[in-house]
Amino acid sequence: MQIDFFHALSANLLSPAVLFFALGIVAALIKSDLKFPEALYVTLTIYLLTALGFKGGVAISEAGIAKVILPALTAMLLGTLIPLWTYPLLRFGGKLRPVDAAAIAAHYGSVSAVTFITATNYLKGINEPYENYATAFLAVMESPAIIVGVLLGKMTLEKQSSIFNGSLKSLLREAVFGRSVFLLVGALIVGALCGKVGMDKVEPFFVTPFQGVLALFLLEMGMVAGQRLSDLKKVGPFLVAFGIIMPLLHGCLGVLLGKYVGLSLGGTTLLGVLAASSSYIAAPAAMRLSLPEANPALYLTPSLAITFPFNITIGIPVYFALAKFFLN
Amino acid sequence: MQIDFFHALSANLLSPAVLFFALGIVAALIKSDLKFPEALYVTLTIYLLTALGFKGGVAISEAGIAKVILPALTAMLLGTLIPLWTYPLLRFGGKLRPVDAAAIAAHYGSVSAVTFITATNYLKGINEPYENYATAFLAVMESPAIIVGVLLGKMTLEKQSSIFNGSLKSLLREAVFGRSVFLLVGALIVGALCGKVGMDKVEPFFVTPFQGVLALFLLEMGMVAGQRLSDLKKVGPFLVAFGIIMPLLHGCLGVLLGKYVGLSLGGTTLLGVLAASSSYIAAPAAMRLSLPEANPALYLTPSLAITFPFNITIGIPVYFALAKFFLN
Amino acid sequence: MQIDFFHALSANLLSPAVLFFALGIVAALIKSDLKFPEALYVTLTIYLLTALGFKGGVAISEAGIAKVILPALTAMLLGTLIPLWTYPLLRFGGKLRPVDAAAIAAHYGSVSAVTFITATNYLKGINEPYENYATAFLAVMESPAIIVGVLLGKMTLEKQSSIFNGSLKSLLREAVFGRSVFLLVGALIVGALCGKVGMDKVEPFFVTPFQGVLALFLLEMGMVAGQRLSDLKKVGPFLVAFGIIMPLLHGCLGVLLGKYVGLSLGGTTLLGVLAASSSYIAAPAAMRLSLPEANPALYLTPSLAITFPFNITIGIPVYFALAKFFLN
Amino acid sequence: MNTHPMKLVTIICEALAREPLKKLLAEVGAHGYTLFAVEGDGSQGRRTADIQEFANIQVEVIVPPPVAEKLLSRLEQEFFAKFAMVAYETDVRVLRREKF
Amino acid sequence: MNTHPMKLVTIICEALAREPLKKLLAEVGAHGYTLFAVEGDGSQGRRTADIQEFANIQVEVIVPPPVAEKLLSRLEQEFFAKFAMVAYETDVRVLRREKF
Amino acid sequence: MNTHPMKLVTIICEALAREPLKKLLAEVGAHGYTLFAVEGDGSQGRRTADIQEFANIQVEVIVPPPVAEKLLSRLEQEFFAKFAMVAYETDVRVLRREKF
């Protein structure tokens, strides 16, 4: 079992995706002048989300929507609930201001698409099958925690000025129609409508080169995360520990739920990964708009500079090992 | 026959390319913040035109130039003539100003590369072979109608100011050396010189992922077209009807000509598509420069928001059905 | 032998990569409005360097580092030495100012990654195997000549002002951590760590479409080089001749060294190509920063508008013919 | 040729402020604006141009002096506390006064 | 250090005007210019940045006051009717007067 | 609402000057800056936007008048000979004087 785990760990650490991520961190640390153009960053994001959604949609059309509903609802519920215990923990354990606690809780209830993709990559690498429609879990887990977090934060704050009055409405709008959810859900529907026939046409673009594109993207994400490392002093030891321990707890929880809704070993791992992952794009953007009083260093840094690298490198094989353990 | 057509129609409507186009329209309608970077838009255009031209060139080198000349000249003639009847129709039927009638006539005589590509995609999807060198028809049909349209418009206008004196010369220059014609013809020549040997080297880049790239591009084009939908009120019912009926007539005409020059079922369909398609990039740019007095809402909106979506979704299977009907 | 050479030459001239390069030159000469977005240029560079480095690293992991060391050190030595004879030749033969002679010497001792990639492409096209780890030679040859050239130039100049005092330190930093060397060496290490297992995952992205991407990139490079052609009058006949004769001499030298360190026919050709190639990105950037007194037209134009096109079209098959001649 | 004095108000801020800002411009009565992406550094840290959501934009808007005053004072009251932002005004001279 | 008064003429217009504009700049005697892509909104509708042919550019050119006057008046006469365009001038102070 | 006079120093130069320029800005005491890529033409030739290393950037920095003077004079002494560059200052009015 232990040997198994180190095997799984090194399989992850020596994959091109993770190594390019490490290279990106090095680039940031030595202040290399390597820089991805913004347009490339956006393009890679669009590609990864579209490809992911499309594949997921095709998988749903094969498996039938009935099979997907229960685990998807479970995933959504999990995302909604996570802020409810992370908030008091941060508020009273971490002595954080209410608005900061709410913002961080939103991040850890929400999910990271890149972490999810890296996990599917990892499963493919070790030839472990998984439910391709798991993308649907990703799609439904992004927004609920953000909404809960913002509501928690709002309850502690006074009224907003005129321009921002509609902010709750625009938050809900963003949660449903925001860039990433829109692309993911849209491509999911397209994939579900096309099915296998459509997949045959676009497979050489959306599927075959996917892992390579991910490796290139993680090089950039390594730079983005690496630039945040210098902010770690600002967040203090409590949040650093939080950024490692909570993913492990949530990973466990996700794995257990995955088992109870009857997912395969691969799917169970993925639900663990989703629960463990924290958002560093959708959630921070929502906080800046809807909880501008919260301190970005406190919510973005742990999520981007601790939890994200931790999950990418060590977390994923850990959640896989947990899933294996619980499923036997 | 009827069953056949609905089969063909749904094959088109359920293809990833067309569904992503629809998704783009939805994104525009709900004002999603999804946005393709300009650099990505330009890159996709460069890729599609280069790949298309290259494949066409290789096909010419296989088929021999002799086979291509007659249908290419026919296509060119068709493009030149279309403005000659669309102009009076718009002028007297639609009661449009002479300069606007001329500008719209130029658009409908010229062609849309994206519509052409989507049609080849469609033929590939239903396993209907076509002359790959048909790209040459696309290349020669873009400019003639634009020149004719501008000449028609100029005849109704006074003299231009100093800076724009050379405008006719620069129009001809643009018609031959403009971005899209240059890329298409250039890649065509490169492909013709390399032949099959060259194709083997670059096939995994220029051919295999082509359909997927098209799907991504149509997502963006859906957004572009969707943003124009709100301008439809400005153009009035005559132009809306014009934007659907003219393509059908021109499609018929193209199909008939395709039959008489001896093209296959696929090639005949493509000539119909070219005749039916209208320009929404090259022609508007030329009009802004050479007929700045014309009203952009009147020429761009019908072409981009009516004819283009109509052709992409319903038109292509219709022209295919027509080709089938006439060739039997 | 002669027939053989013309065969080899035409195989190169009729490859898609070289033909697209020619098309780019045509675009520049006729002042076409075709333009690649900056982000696309940067993306293609990142892709080519990463893919190249990764493949090289995997090759090292297969061949063992021991096999690579001797030829790599030889390549590095060659790069270091080239400025030592080009400088006096330019200074006294060409009657150039010391600082200009030093700058040009730096360019011709350094290398062009694109020329190298085109050469590997060429070898693949004629089915001539080569040591994949030759990328390591490219990686170690970029910087030494730049450092030597700057040192030569500095010795002839007075002290610098305050902001630029650290310029030598920052030059060394740039030489080791600069964008292109960093990406190349970084991807090399990643590839060496992943080995074959990693390659299997990313091959459809980093290897299969590589030649097509190169063709697209050379279209852009043709435009860049073509825009420089009008500066040729400024550089005078000595530098024009220099830009063709020196590559031939250095190509010979590289081929001979390749033979003595025991490389294969393909590898020997590549060492010849590296020696013959001259830098037009890293070196000019370093000169602008570290030898700003040198005249850019004198160093950039010969390298970019003469040597680069010469090598791409005629040079590569010549160095291949030389390698064949010497190895028999 | 007649040129007329106007105010050019320049606002540099994080991209997230984009939509509220556009709304504000409409409310105070600006007839147009120009906008582009920028990089920057300031009291709230460096803003690189990678993640779109965290990038900076520069908005330039030409308005009559009273509108400029209204715009700046609403920025001060409603935006400065919430967004990384710099705003300043410049005197410019335009053709076609009625356009602004 | 000596600074000298110059005019900065800023022109925001659709990208299609680019080449005629460059020609005009040369004709009135500008010695250089700076240009970048922008998004914008104005009386002739929103200009997004997707289709290159329909995008907006901003051109900035530093010239002596008489050149600025000539430039603006020719813009007014020859360009305003044909292109979506805004132009204005600002007083600036430069080093190296002879450069402009 | 109180606006205060400041200087906006605009520097257009080749991208290679970027790091030395940032260093200079810190040395003279600027509290922030804004930067974006531009195309341009001037006495040292056209700068297109393809090869990053040879592109142009525009840097805008708001500073109190004495800092502007220091900045411009150091640019003149240390940068003009080495880099393709144009620099000028404009009078602007800002909110929150203490920010600059």
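As written, the chains take the letters A, B, C, D, E and F, and residue 1 is the first residue of each chain.
FYI, contacts are C-beta pairs under 8 Å (C-beta built on N, C-alpha and C of every residue); 3 or more make two chains touch, one makes a residue touch a chain.
A quick note: this is a predicted structure, and the numbers were derived from the prediction, not measured.
The minimum number of touch steps separating subunit D from subunit F is 1. For the pairs A-C and D-E, the larger set of C-beta contacts lies at A-C. Under half of the residue numbers at the subunit E-subunit F interface are used by both copies of the sequence.
Each chain gets a centre from the mean of its Cα atoms; for subunit C and subunit E, those two points are 40 Å apart. Each chain gets one centre point, the mean of its Cα atoms, and the points for subunit C and subunit F are 34 Å apart. Under the contact definition stated at the top, the residues of subunit E that touch 2 or more other chains are 36-37, 90-91. Along subunit B, residues 36-40, 42-43, 208-209 each make contact with two or more other chains. Applying the touch definition to all chain combinations yields A-B, A-C, A-D, B-C, B-E, C-F, D-E, D-F, E-F. The touching residues of subunit D, counted against subunit E in their complex, run 1, 3, 6, 8, 31-36, 62, 90-96, 99.
Taken in their complex, subunit C has these residues touching subunit A: 37-40, 42-43, 46-47, 50, 54, 174, 177-179, 182-183, 186-187, 189-190, 193-194, 197-198, 201-206, 208-209. Of all residues in subunit C, only 14-17, 19-20, 23, 26-27, 30, 32-34, 36-40, 43, 121, 124-125, 208-213, 215-216, 219 touch subunit B in the complex they form.
Those residues of subunit E that touch subunit B in the shared complex are 14, 16, 20, 23-24, 37, 48-55, 77-79, 81-83. By the touch criterion given at the top, residues 35-36, 38, 41-42, 161-164, 220, 223-224, 227, 281, 284-285, 288-289, 292 of subunit B touch subunit E in their complex.
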